[in-house]
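Below: a set of structures, written as structure tokens.
Look for chain A in each of the two complexes below; its partner is chain B in the first and chain C in the second.
Showing the complex of A and B:
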């Protein structure tokens, strides 16, 4: 009944859509680009800069983070994909494997700037020897500490914790200030936040995290246990606010910016956020530590930019990829706006000079890791993933060894699919 | 009523009234509480709206959140206009299909009528997400992707089973004698529908329109998947965007301001049409 009623409208609707199509055909040089919402601000800065100096204009559309994968997958399959897409780099392996992206190997290998591209971005965008994208708007995890609270607790406000043990000790002293001041914060029900800020401490302490396939190593080494026990200690002793247990990330950033938290893992994005919203906040950033001083790591995050398969304006889209690695884009698009560059040879530039916080994040970017795995969403990002299950079972339920064993088995099962 | 009788009856009535009144006030308070909190939060400064623990009343009065959504990406008015036009088309499509369908199902001796009706209702029992990919491909083949009529067709498909159900009940509630009188006077089926039935099922029509509006206005996932450009997104897509920050961080102030903005049209439409809505929902409930 529905189907027989539809053709009556169809002609009218088709006419309307043909009109819409011919209107867009006139602006053939306008490229469409999707960017995930949380990377829309830096993405827009880059695209605006491109648009001022190029004839082919780019039109940016922000897609809510949680829906990016669904939307991109459906649109590629239906042949409606945008000309360019900027998305969370962690989904590169799945998209490359599915054949959703255009191979840009020859172009990038011929590009002299690509040799200086940060290794983590090169790795995550390579599949079976072919390259499918470049790092676009980077981010990286670091550890933030509140200098005022450090001072009040009798700690050196200019020196952040250098080991996991120091994190616990410092947090304890800050909690001793009493009231609603707490030593440490982490979002206990946010899988993405914790892979970003908690897993690098495990890696720094010598652990390997996620398996590439069903027979790979998963959660090996002592680092996982060391970090879980440290967090459990802080939770048991009340150094972490009670609402951390159920926080799905809503307070991932805002908990620290209230000024009531001594130490928290965070990202490089904090620098511009603080400058904008809390310019007088007295805080420091350091690289996420391991067991011994000098052991450091970070999670290299942010967005990669790629060209979806079957794009209509591939040649123009390729130009954009080349431009992203150019001096103009790196310095005037990223560095000038307090965003890290994705080229190592430009990390130290006129805009970062003397800015300790930005230099800390640049260092984190160079020592950081990014897990190259399929099924990252199931293994880590979903609300019922083994990753978040392990954290909750270990920290809030107190069963550290059982949590690791269970999570390892579940991760291998997912990786073996 | 005489003065002598009044004093005897009044106390008892009053006690009942007070009780009913108290219950009403309590229910209203529970219902309004989230809305009022939302409205308060929308006038807080962005930093205060995100503060932990949250404050109940705004410590400072600020339009920053509204300013933010006003200039958010394509601009608030672009999203509102998209939502309104898609909702308008959805109402149009829903009525154009459900009124004749309800009329036919209620008034004509169709063979297998009940089976057809059940099949129509069956799509209500499937989660919409399960239909999304097939619908997406279908609309893509029809050339309706990324267009307002296409999204309106999708919303119509969502809303149609309920609309037909409601219209059928409305038509069935009209006494058979009225139709017979029209037929005796020489009216055709179409004439009877237009001149006799439609005025009588007006409450049902208004209810269908109201529900179609609310469904279309609030629908998120279809609007997001189907539309491809910032300037074609609807209000719910904008709201999700406004809300999203890094790693699940939530922009509370912006979110509450867009909640208030998105409630307004629904509230206005509902207040204008509520009289019809109540009687429409009840039509056919008791036979």
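Showing the complex of A and C:
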């Protein structure tokens, strides 16, 4: 009896062990994820979709944009980082260099969808041959024009400006409508807004913007001067509202949606915003132009998603990264909500068919640039950055050449640290 | 000793340790972007030497001192005037005290955003009011110039904090004995004389306290300028704390930011000590 009962007891034990192990293996986990506040809406759409179809759930926390870097850096240093983080892609180089993120090279190289991932996201998330994240909720800069104002000014409402000179000409005609109708808008005290919508025009006109190190090229080419002079002309002639000089970004979008601005740089996010809040607004989108027709560029922005170093639920977090590139996430999470896909093979899909605006942003994404530099915050995004200093000195103070020279020297000093 | 131990522990954990850490940090080249396992380099007084030669830091310090010099007397006069008007306990005065105190419970960031839009050139109601009253011929872009931008911030901060100083001074004024006031009235002292010769001297501790709190708060100004002026135009409205924030969390130089914070602490401590010494000297 003993001989027969012992194996039976062992089997029972084994069964119990396997059951216990299986239970723990399939036990759902709750992952923590941070997203910067300005990208929280699309981030939530993606996370909600994930949560409806996966056992492991994600709890999303929106972090104010200005606090994201500090919170992430200090949490990683304290060993208390979230399982996943979605942040402005422009900070990837600094974070990768600091060792704040988990290397996911093998996983992504083995993922067949990664080959179709937009190149700009691949580039910005790669450091010394290793990959640290994937594009999550993309955005790209474009030029918007108000079709009703174009029509009222005698311009072709179906054709947006194709060169910088046309931007100025069209803005002049719209301003001639008088009253509180203006030709152009830009947020003159917002460094981030302008690297997004103003720098692509300089790049389209052939300029190189930011230096990678202290001996690199910075603000080279005629494009920088051409764009600054165009903006200065529009400012001097009163085509831009007076409060643009001091706007720190609060009116970046709302100035255009008032219906009193003819042309403004904006982002692909405008499409879903307009559909939601101003469905009858008659506007068009085109790619940001350069000096000559056909010269175009854009700033590839948006968020990347990555796994902070020493995360507690790395395996489950990796599963999310794989899902982000899946058909389900790309089509039902992004495209269905009028957000661009981050996979080129899905750019043309059932949701974008016939939507000229989304197709324009897709085109912008394919021709866009993203600067791979360290110290981006200091060089560009800071309220005291040489980038915003150059814009203000050139456009509002009128010293275009001096502004470029000063900014170049300051950028090289920062890049050389 | 046992009775004060909790207080000592609180001070040690929440004041002394952070202060010691700040001072230690100021002697290092610690970066916000240091990796978790990176060694921290000790740089001696390099950060202090750099701060002394940093014209942007001193421009921010000068601006902060100027801002404090403007707003402190304004608050002092308004606090005292309001406190004198509402110190007696009648129903109407109690309501007035509550109304004036209400903005104090609003967060400074919220009130700064509120005023940012009130000052807006296109949709701002404050601008509209001034135009309708004939004070301005057309809406003003307040933050186009450092002077008007600073003035706008002062208006918003005065609205926000005036109730706090008023309450402190009301407490001081109410502590003045009625018998003293009545005696002065019997002796024929006018209202102005009673205020100048009796109420102000006897409520001096509260007045000094309110002024000190106001001055220190102004020296530590950050939120209002960060949200309303963004340091502009051309970096002319960066306060010292704003500049420390830029160094520490935008340029990632925690060590350098800590050194600037220590220098600011020395300036504030010196100013406070001098203010206390002067008020004690005046009372003798």
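Here, the second predicted complex is superposed on the first by the 389 of 417 C-alpha atoms of A that agree within 3 Å, B and C clash if a C-alpha of one lies under 4 Å from a C-alpha of the other, contacts with A are read in each partner's own complex, and residues count from 1 in each chain.
In the analysis below, a contact is a pair of C-beta atoms (placed from the backbone, for glycine too) under 8 Å apart; a residue touches a chain by one contact, two chains touch by 3 or more.
These figures come from a predicted structure and were not determined experimentally.
Engineer: Hey, is it chain B or chain C that touches more of chain A?
Structural biologist: Partner touching more chain A residues in the overlay: B.
Engineer: Contacts for A:37 in the overlay, against chain B (first) and chain C (second): which applies, first, second, both or neither?
Structural biologist: Only chain B; A:37 stays clear of chain C.
Engineer: Report for A:196: first if it touches chain B alone, second if chain C alone, otherwise both or neither.
Structural biologist: Touch partner of A:196: chain B, not chain C.
Engineer: Regarding the shared-chain residue A:250, is it in contact with chain B (first), chain C (second), both, or neither?
Structural biologist: Once the two structures are laid over each other on A, A:250 reaches both partners.
Engineer: Is A:59 in contact with chain B, with chain C, with both, or with neither (first, second, both, neither)?
Structural biologist: In the superposed model, A:59 contacts chain B only, not chain C.
Engineer: Contact-wise, after the overlay, does A:310 reach chain B, chain C, both or neither (first, second, both, neither)?
Structural biologist: So A:310 only meets chain C here.
Engineer: In the overlaid three-chain picture, which partner chain does A:277 touch, first (chain B) or second (chain C), both, or neither?
Structural biologist: It touches chain B, and chain C stays clear.
Engineer: Looking at A:269, would you say it contacts chain B, chain C, both, or neither? Reply first, second, both or neither.
Structural biologist: Touch partner of A:269: chain B, not chain C.
Engineer: Touch test for A:70: chain B only (first), chain C only (second), both, or neither?
Structural biologist: Both partners, chain B and chain C.
Engineer: Where on chain A do the contacts with chain B and the contacts with chain C coincide?
Structural biologist: 70, 74, 79, 243, 248, 250
Engineer: In their shared complex, at which residues does chain A touch chain B?
Structural biologist: On the chain A side, the touching residues are 1-2, 5-6, 9-10, 12-14, 16-18, 20-21, 32, 37-38, 40, 59-67, 70-71, 74-75, 78-80, 82, 139, 187, 190, 192-193, 196, 243, 248-255, 257-258, 260, 267, 269, 277-278.
Engineer: In their shared complex, at which residues does chain A touch chain C?
Structural biologist: 69-70, 73-74, 76-77, 79, 94-95, 97-100, 180, 189, 241-243, 245-246, 248, 250, 309-310, 375, 377-378, 381-384, 389, 392-393, 396
Engineer: Under the touch definition given earlier, write down the residues of chain C that touch chain A in their complex.
Structural biologist: Per the touch definition, chain C meets chain A at residues 32-37, 56, 116, 120-122, 141-144, 149, 229-235, 238, 246, 249-252.
Engineer: Can you list the chain B residues touching chain A in their complex?
Structural biologist: By the definition above, chain B touches chain A via 46-47, 50-52, 73, 93, 97, 101, 116, 120, 133, 136-137, 140, 142-147, 149-150, 153, 157, 160, 221, 224-225, 228-230, 233, 237, 240-241, 244-250.
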